[in-house]
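Quick heads-up: structures coming right below.
Consider the two complexes below, in which subunit A is the common component and subunit B and subunit C are the respective partners.
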Partner chain A sequence: MIISELQTDAISELINIAFSRSAASLSDLTASRVDLEVPEVSVHPIANITAALHRFVKGDVATVHQVFTGPVAGDAFLLMNFDGAVHLVELLTNGEVVSKGLGASAREVVTEIGNIVMNACLGVFGNLLHVRFSFSVPRLSLDDLGVMVNSLIVDSNPMQHALVVGARFRLRNSEVTGCLVLVLGIASFELFLQEVEAWAERSLRGGANE
Partner chain B sequence: MQSNKAFIENLDRLGAWGVITTDTKLFVTGWNRWLEQRSGKPAGEVLGRHIFELYPDLTSRGIDRYFREALEGRDCLLSQRFHKFLLPMPPSVSCTSLMHMQQTARLMPLMDDETVSGTLTLIEDVTERIVTEDELRKQAERLEEAGRHKDDFLAMLAHELRNPLGPIRNGLHVLELVPGDSTEARQTRAMMARQVGHMARIVDDLLDVSRIARGKVRLRHEPCDLTSIVRDVIEDYRPLVEKSGIRLVIDSTPERAIVRGDGVRLAQVVGNLLNNAAKFTNAGGEIRVTREINRKAKTVVVRVSDTGIGMSRETLSRVFDSFAQADSSLDRSKGGLGLGLSLAKGLTNLHGGSIEAASNGPDMGSMFTLVFPLSESEVRENTTVVDGQEPAKHSKRVLVIEDNPDMGLSMQMLLTHLGYRVELAASGTEGLDAARQFQPQIVLCDIGLPGRNGYEVARALRADPDTQQAYLIAQSGYGADDDLRKSHDAGFDLHLTKPVDFTELKRVLSAVPGDPARR
Partner chain C sequence: MSKILVVDDSNLARRATRAILEAAGHEVSDAQDGLAAIERYFLDKPELVLLDVTMRDMDGLEVLQRIRSVDPEARIVFVTADVQSSTREMAVAGGASGFVVKPVSSGPLLDAIAEALSGRPA
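The block that comes next holds the complex of A and B.
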């Protein structure tokens, strides 16, 4: 599936809205400024996802996973390098959490970060599509990227596609890069893109809102 | 409501969770037993009331939005680290730093088919985990700090050990160039002796600190007159102190103050305090040493006060730490490892005494106070005791057993020069023969000897009625606890680590009575 430049721009814009909400939530929680940027957006067949993910993460990764159901159904993932997750926890908790091995409290923090980012994104998409998603409880797994991707491919329908969104957290003069992945079935993806394009066109005409 | 009650009861069986359910307007519809017990609010008092009315701080803390998200169909996780707790409840673990039970919570929509019919909140008590994690974090910080201090200390140690090497190396070159009996040669040898002494002191301090830290210091427990020890140490230090333009005053009666302990170590304690005072007092200043006997409290108090640079409260709090002084720029400017006070404290404590430091602040001088218990029998009888400082010269026979000819010969020369009658043997077997012939009061024996080693020599000397009374001193390049234990087990009275400090050896030899029947 190839997405047009307009669709890419529109998705980037929507993700930007979601990320700024996530960043605001994280800033509130930590009482210090957190920025969350979108370096790039791309779509890949699920079987070819590894190369796309390698642009953002490698080796051991911390993955927060949430299943969402509704008219557009799929899986949402926030992936970060293990070391990046450790660093992000240190930055967000001001070194309050002993996180060298991502202990229980640090894992909860990573899970809540993923939860905030994914809820914001799916909330924005839900408003766009005028549908209500149901979300599962967020779960964190710590695995090698290859193992994580294999489980994703094995569990997925080969027709599924993945929307891969870079996610760059910036705070306290440091940055941690990860990526948000939405895995959708072909029907969901087509509906999603259709709605995105409609939103973009409305937006270009100056009448769009979320 | 009835089906909700059954639902809550089912969740209650799942384990240690607090469970709240609300309707879509956030009025509480379920409140489980766990919450009744922890919050002190019975379900009857809570059901039907609005959650934000019950807990207004949920709004002020921004947690209301999670309830709204749940009503919009989203699951939310509230980690303890970001939120500390959802509902204020007393901590489940006794911990002074926590006012509330620490919680992780999950808020999710309560679904009725495809419709959100309210919210479900699960609360987990994670207080114990947080207390453990915080303790681990503090421990990690302490270890990190200790590691940093040790790194600083090692860097400083390398610097301090390297410093004397330059002059010693230069001295060797000078000695090759000038006649052996020239003034330059004498000055050079004196300089080299000072530098070697400095290095030896650093190494000895290090070993002592390590032994004290591990509780491995062996002390003699014999009556010692602290008055004469203080007086002798002062006289030893007087040239050094007065050369720096500092006045040294002693304020003590000649009355004996007998404590049980190790005279050499007690002298080391007083010496370290004097050395410290001299280091931090500028020319024109004064160091005053007082010695008071409190017969009623059965203690003897030694105070070393100076008019020097004094200490801030922070410096005062860590003045006896072994490694914390490494970062003191002041201490660095004066050189040394900063172990002297730590050693003084360790050795004082080993004698059952106490040491305290006081200062009114920077530039206000410092005062160190030593308190030792007076020996019970001496308090009772106020008898005189052997001072142990004055050698009975020209009367003692010393056998040196040493296979290194240079070492043996130089030791023989030094001891002969001091007035001892000295025999030299180059092996264990030769040493035993010489001992039978010579009947020494003191045997200075190397451990690594050809044929019969030092331990075997000591056992043989102890087994022979003619030599068993001799005072046996082991000399070895090894000074670990195990080496000291082996020497002791073999029958040695004392184990000295090479290079042997000649001043200490002189003190030890002079303290050995001349009469072999003393034992």
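The block that comes next holds the complex of A and C.
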């Protein structure tokens, strides 16, 4: 998959906009300021994503998975370091102590966080790229990163590619790290890149919101 | 027409903003990080700075503080995707002259620039 310089710049800026909106959603949810570092974006064949994910999350991870359909279709995964997920639950439940395995209500909270963050992010993609996404019901899994990645690779077509966005942010002096992974087939990735390039060209004409 | 410094770590955002400003007749310089922005500000003495918030090493709020600590009259408009109300409040408290939400289109950007240059409050 060859990505031009203009497409790379445009994807980085789109991700910056989308993650800033996601951070604002998280800020509204937790009633806390969210300080977001510049997200890091990379694209990999699905078999080669382990190293990219390892830069941001290790050990136990909470993963929220949603299938999205439409002209650009694929799978979206939000991975959070386990301690970060626990911290978010505590913020949203007024300090309720969270058990190691996450109880049913804590799992619901993490799933809803993932749903809101991914919808905010993909909603920006949809609006700016003029692509409509429909989402499945989000599902949460708690696993070691290695187990999660192995199941992702085994369940995917080897021709699929992953757009990996790593992000670090701070809420009330605690750092939460996470990755958004979008897994797309070749046809969807090519359409995504076409729409990204069209948006970049609109931006350069002063019409980024058209 | 005015001298304007554009500070953004995104190549696309710098190019898009430059295109809008030059089409409107402004003279543009740019910087891709906070330290370069401070250096350019004191070398070029622009009439206005367009400043991103989320950047590596030094964020826009710190750049605002550093520039205005030396030049309290500096006119700085934030151009950012960060829509948290706390960010806008911090920008205004730091003396920002305006706040434009990304992605930018030419109309709202040029309106915010005209307002900042006229000296009206953000």
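Worth pointing out:
To be clear about the criterion, the second predicted complex is superposed on the first by the 193 of 210 C-alpha atoms of A that agree within 3 Å, B and C clash if a C-alpha of one lies under 4 Å from a C-alpha of the other, contacts with A are read in each partner's own complex, and residues count from 1 in each chain.
Here is the rule we go by: a residue touches a chain if its C-beta (ideal position, glycine included) is under 8 Å from a C-beta of that chain, and two chains touch if they have at least 3 such contacts.
What you are looking at is a predicted structure, and each value in this text was computed from that prediction instead of being measured.
Once the two complexes are overlaid through subunit A, subunit B and subunit C fit side by side, free of any clash as defined at the top of the document.
By the touch criterion defined above, A:136 reaches subunit B but does not reach subunit C.
Shared-chain residue A:112: touches subunit B; no touch with subunit C.
Within the superposed three-chain model, A:36 lies in touch with subunit C and out of touch with subunit B [touch as defined at top]. In the overlay built on the shared chain, the residue A:59 is in contact with neither subunit B nor subunit C. In the superposition on chain A, contact of A:205 is made with subunit C only, not with subunit B.
In the superposition on chain A, A:128 makes contact with subunit C only, not with subunit B. Subunit B and subunit C, viewed from the C-alpha centre of subunit A in the overlaid structures, lie at an angle of 100 degrees when rounded to the nearest 10. In the superposition on chain A, A:146 makes contact with neither subunit B nor subunit C. Between subunit B and subunit C, the shortest distance over C-alpha atoms in the superposed arrangement works out to 16 Å. Once the two complexes are overlaid on chain A, none of the subunit A residues touched by subunit B in the first is touched by subunit C in the second. Residues 62, 69, 72-83, 104, 106, 108-109, 111, 126, 129-130, 133, 136-137, 140 of subunit B are the ones that touch subunit A when the two sit in their complex. If you check the complex, the residues on subunit C that touch subunit A are 9-13, 15-16, 19-20, 23, 54-56, 80-84, 86, 102-106.
Put simply, subunit A touches subunit B in their complex at residues 28-30, 66, 92-93, 96-98, 103-106, 108-109, 111-112, 115, 119, 122-123, 132-138.
Only residues 6, 9-10, 12-13, 16-17, 20-21, 23-24, 27, 33-34, 36-38, 128, 200, 203-210 of subunit A touch subunit C when the two sit together in their complex.
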